[in-house]
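Sharing a structure below in structure tokens format, with a few things to ask.
Should a chain be cited, it is by its letter among A, B, C, D, E and F, assigned in written order, with residues numbered from 1 in that chain.
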């Protein structure tokens, strides 16, 4: 009965990538803990870069400097 | 001082349904644990069907098959 | 496919009360959103009163004053 | 390696306020626990007032009465 | 900067299994989204079977029936 | 009505430090967003170092190397 929450910044994650994350996380729980995929939930939470902070600044500001 | 998070897929939950979820969850904590409704928070988190996975696939794909 | 997290202070919640919370929350999602109980998860998270703060102080300190 | 989630109602939080929340929360973990800012994550989750309940009613309804 | 929370029932997850979950989840985010492992957090939350409900009953009760 | 969750590794956080985190986080929400302290919840979640991963390994293993 695992529940997996994946939080990433909202920076163009495609539907294919979401499917791959869900498939991969579900498989991981089966491989490591022998969990039944049917009762494994995966929730992807995309966070605006204004709303995610690292080292005391927003990812928006970090990305600007990276350009 | 309970905090309740309700995560559901974003599939047309109405304002009336949200009010009913909030009222019901608050009442549940009062009935079972005698908690004060005034200090009970309920947060509803609606998740896109592309972002919720069960059994290794997205709810979007599951819904397509159900039609 | 709902997921419900109930956070309460760890103050002697009994097994019977946990069962009642789980049963009640699951029923609520069925009543309001017609969700299938079989795919409804409820997780109860008990938090030490030292670790829960309201109005800027711990519940431990609040409880002391209430005595 | 702290992770801090700040949930507030979505009521016009500005980019400057988000930056101040991220900076302040990161500083707090450094001041109190001597954590390295570089490995401190802060995530701000803005919740629609229809989706946040207090005392059994939505913040939308509470706000209406306050006017 | 991903953050991954894995919630499973507390049923004897070993240190080796935890390491495998952390390694696997971190690799998944690198493979699918090209995320830097150094800034990927994985948190495993083990939940008592009394505190996890499925289909309106605790996992403790479900496990009893399975024996 | 803010809710703040602070997740840190369980490495000897004292009661005084918890009080300081709760007081500081509550003050931050008042300073930045003018939130009422009385309706601000802060929850501290201490995570075993075996259960927290960074860069694909547990904090337990990272700490061993640091010695």
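Methods note: a residue touches a chain if its C-beta (ideal position, glycine included) is under 8 Å from a C-beta of that chain, and two chains touch if they have at least 3 such contacts.
What you see is a predicted model, and the numbers here were worked out from it, not measured in a lab.
Between the interfaces A-E and A-D, more contacting C-beta pairs are found at A-E.
The chain with its Cα centroid farthest from the Cα centroid of chain D is E. Chain C and chain D have centres, each the mean of its CA atoms, that are 21 Å apart.
A straight line joining the Cα centres of chain D and chain E is 26 Å long. Shown for chain A are the residues that touch two or more other chains, namely 1, 3, 7, 21, 25, 41, 43, 52, 54.
Contact between chains, per the stated criterion, is found for A-B, A-C, A-D, A-E, B-C, B-D, B-F, C-E, C-F, D-E, D-F, E-F. Residues of chain B touching chain D in their complex: 15, 18-19, 21-23, 25-27, 37-38, 40-46. Touching chain B in their complex are the following residues of chain D: 7, 47, 50-58, 60-61.
On the side of chain A, the complex with chain C involves touching residues 1, 3, 41, 43. Looking at the complex, you find that chain A touches chain E at residues 1-9, 13, 17, 20-21, 24-25, 28-29, 31-33, 35, 39, 52, 54, 59.
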